[in-house]
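Have a look at the structure that comes next, please.
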């Protein structure tokens, strides 16, 4: 947490470079770090993915199991997204109950998938008001190097796309697994989360950990396949101008289009 | 909504719900405010700058801001468990980050400013109303501020962009976008979005929300002026 | 928590005045601080009240909802009283799990209502052993200035008196709300809690925070409409003589009669 | 109850259950006692005065007293969850406040005295029995005391005031009033009431309970004398 | 936790004596401390025992009550063993959630009883997949003076042997107590836990607290009536040679035979 | 199992599952390793020696070792609650005690070495696989060690003693005995047993497990050599 001289020098360097439109790692302002997506990494899970976004690395597993619907939502399956920063991912993370940062991370990833209506939850009902399919999407950050929002979101989306849904039949009002029959999850759209940081007057896409340490504010915007804006979260201890917020939405759409092509290859 | 844009509670699309703010309603808090924003009824109390406990959380270089958004068990239709939910913890964090730009924490090293918000009755837009009350409570506590913080949501209901979504609209609604600004400085310090907007609607929605924030700002100012200058108190 | 010179001087002043039969705020020993009771302050709740007792202020909301009965208590509805000192009410209160002081507060308020049998719980059964009405009485202290026991108790009683109970019908063994039909709660008696402090040889009614800080011991006695004594809790780090305990019961009855008239106006 | 006042367990209305107290039953505790009070079987162990952990809880001006009342999972009819319930936390507090007047904590600044009570088997009146054992354990620990603390309940059963309500009576009973006194000083240091009493019954009940406390006091004294003076031990 | 000069001197003395094959309290290396077992000490429980092993003392109570079976284990009753070191048992124990030491203690005692199949859980089924008998074995350490593993295990076994199982009948798929009819628990074998410590090159049975404070490693081996080895747990911050592990198993069998005779007297 | 001792997954009774270890797979950890051991997929990360937080846990005379064994929610058939279970807490403790003999903690007073193990996919023998990865991660962190620690289980399946019990065998199996050794020093630092063995089977099982540990040791060494000496990296 303490700020060393080196930290301070790095911050100065980052802001100096940005004045010339350059980033410390040589990227363009609207350029993400290299992204690799690997699916099927946890064969015991119903779906899984390992995502590297620069040096940030996330593993997401999807578990599908029958469950009771939420009260008043008896015509919908259950969707739950969690996220965790494993203590081996970051020297500053300690084991224990989730911090507010981790709770925000999980909830923003969850809303990105939920609000875009990526999965048609109405198709996951086994017996209305009694029995539905639950989809649990659990992300574990194993190396933390900035922009956990997008890394967890991409891993979650890729893990869902790689999932198979077991078939259940209802007997005596209880779900029974039908062995050997599975289907793809009912996908309606592909959400792409794009996180940007404001450092001084500049907006940079996909901030590294070093950039996050000197950013003024942060914004995560999730868009869908139809080019709409579906979820947004501002973070950080300063604000954005209205012009910046509009610029950010445009960047989220254009960067999102590229990432979405990567997802389409997984389908 | 009717064809000429009259909403379920009788408002026009660009109309705020009724808002009233009372300043200095609590005796023990260093600053406080009570807001009624539609059916929202929210108390905010501020303590500080004061010593930090536990001490290892203190920062030698700057003051820190803590914020707690909490809902009373009776504030919602179904009784709420009093333990803070993950939703409340997240809202506490975004409120803190929305207020912090307005404060000059560097001037108060090793101290903490605590903002406690209690939602006694919740309606749509409770985080915005909470923020409006918290900003006034900070001012009431005499804490130096760069600007107030004024918050209001806009959203999409029945395919139209409307200001200040209420609870019924939120449940049927297509999008909800809470926004907070520092009105004089013009920065947006809180922004979230749940729901689906075209890029064009996004811009309209943002501008609509900011318009609402500016109206809220006048009400906040008036409440402070009334307490500190009209009645002659200080 | 620390004790300043001013605190010490105030304590000396309070005890000196008491030797002359006087209190710091000018009240008689058996005089409560001004009490205001406002009901219906939380329209979304089934009942609610805001009570000011001097500078102590409490808001109580009542929620009524169908629930399962406790095992072995299938012929009774459920009654649960809680109390919380909000952190905005007191600079010394921190957010977190309830302290032993707050647990005692809630349990004493609960017993005052439960042991007097204020509400006829037998009338809240929908389907014996299966489905009953639950009444949740949650008090939030918003300004803490002494004698939270009585303030929470009065707010709880007033909130219950102002409540409406929705009607439920049993269909397929499950409760279903009947829209638009409500009734008053089945009230059998009106409990009044009276808290007294012993400071030296004096007993004072409704101690202020300043008096609590120099009291030797505390007692809370709840009486019912029939003039009986129904619940009692001694607190504080010293004791009472038997004579004092009898005097306290008499004070609780006489002060209780005045407060009960206030409650009767709410019915 | 029979017409001539014989209770379900054969006692008269003013008769205590059987009580036996053993002093110094634990090896690790600085002081200890084991009480059987009717079917109650309760252990009390005392540590201190000793250093306070965590340190910030220490008080420069006085020693502090901590008390924990805990019920074993097997102590009641239905197995109890081992985590402390709200009831146990409240009883811990009233026990602490009942014992504290008997101690001279000012003489031991910066220290803590810990009283741990374990209810191995619970019957009616377990908090009184716990207090009786705890007071003896404090004495056994050699901690200077102004007085012992002796506790006993009275109550109303079948419209009569009776001493020392047992479990069956408590369940059917109309009122239960646990009371503790410092017997030599004559102060009541614990008192609670659940149930309905007329003002006259209240007085009778209180006097009946105090009578019981005085009988308990003799049993406590005898247990201490036996350990320290009869067998020649010290 | 701190180590005083006296602690250090005691450790030196213990290791010096062991070089001559002697122990501080005069026992032979394979000799346990005096063991007393008393049953029926908690009449309200279905079974109970108080065990003293030297200065270590444990009280165990058994509660028997109907319960739902674990999923996928619908043909077995429930067995749950817990253990707790009461704060009055040890100046270093603080109230609060169980430490890892206590969790290990409880799990090792549990496995000793579970893995030997002491109780025939198949005989505790009331209605397959729906209703079974649960046996809860809760141990409370009341004086802590070394080798809590064996003391808790002996108290748990003795408490089970002294237990009576109430009779339940199934009515409408729910268990109903049949008053006045009980049976003995279905015992298949008698597990005996024997804990040994390695101090230098010596293995001592039933280490005292003083010996535990200077031991290098610890091992607990549970054997059954048939002379088999059924559960084992190595502990402590060093290891054992293979020869030592074989020697330990032989000691566990021979010491176990003596203890088992004590248990047989309880049946 | 077939008559000639071929197991359900095609292995002989004395054959390990496939094992692969990668060293240095994490960028933030001071040392790390990833192991696939049958279907187990486990990450280990090491930090330290570093300052202890909270400070009162530091020991003036020695460094301390902390170990956390944790299973991902998706690692097992039924989704696991992310909060640590009692089983995970116990395994964390036995892993710590298995690793500690290999370290020279006295050389690093007032510091802590943290070993974090994450089971991404669990199969039989996950605690042994976790230990194998953790020992390699400690070496990768450059922490001075007396020896590696190598772990492998043996057990009894269908009345035969077999090496390295997998998940299916464990569920049907008669006994499972996880063992860890310091291979050069020859000490057993982890040993547990669940199930029923005759004294003779006990000896065979232990020797079988130790044979497995020695094979694992070669794989651990090879993984370290490959990283540090083959590719020329350091």
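A, B, C, D, E and F are the chain letters, set down in written order, and residue numbers restart from 1 in every chain.
By our rule, a contact is a pair of C-beta atoms (placed from the backbone, for glycine too) under 8 Å apart; a residue touches a chain by one contact, two chains touch by 3 or more.
Worth saying up front: this structure is predicted, and the values here are computed from it rather than measured.
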Count of contact steps on the shortest path from chain A to chain E: 2
In contact with chain C and with chain D at once: which chains are those? Just list them. none
Among the chains here, which has the CA centroid at the largest distance from chain C's centroid? F
Considering only mean CA positions as chain centres, point out the chain farthest from chain D. A
Chain A to chain C: how many Å between their CA centres? 48
Rounded to the nearest Å, the gap separating the Cα centres of chain B and chain F is 52
Just give me the whole-number Å value for how far the CA centre of chain A lies from that of chain B. 27
Of all residues in chain F, the ones touching two or more other chains: none
Residues of chain E touching 2+ other chains? none
Please classify the inter-chain touch graph. Allowed labels: line, ring, star, complete, other. ring
Listed in ring order from chain B, and going the way that reaches chain C first, which chains are there? B, C, D, E, F, A
Which of the residues in chain D end up touching chain E in this complex? 26-29, 32, 39, 41, 43-45, 47, 50, 53, 68, 70, 72-79, 82, 84, 114, 116-118, 120-122
Chain E residues touching chain F - in the complex, by the definition given at the top: 100-101, 103-104, 106-107, 111, 115-117, 219, 221, 224, 227-242, 245-246, 249-250, 253
Once bound in the complex, which stretches of chain A touch chain F? 41-45, 48, 55, 57, 59-63, 65, 82, 84, 86-91, 94-95, 136, 138, 140, 142-145
Give the list of chain F residues in touch with chain E in this complex. 86-87, 89-90, 92-94, 97, 100-101, 177, 181-182, 186-199, 202-203, 206-207, 210
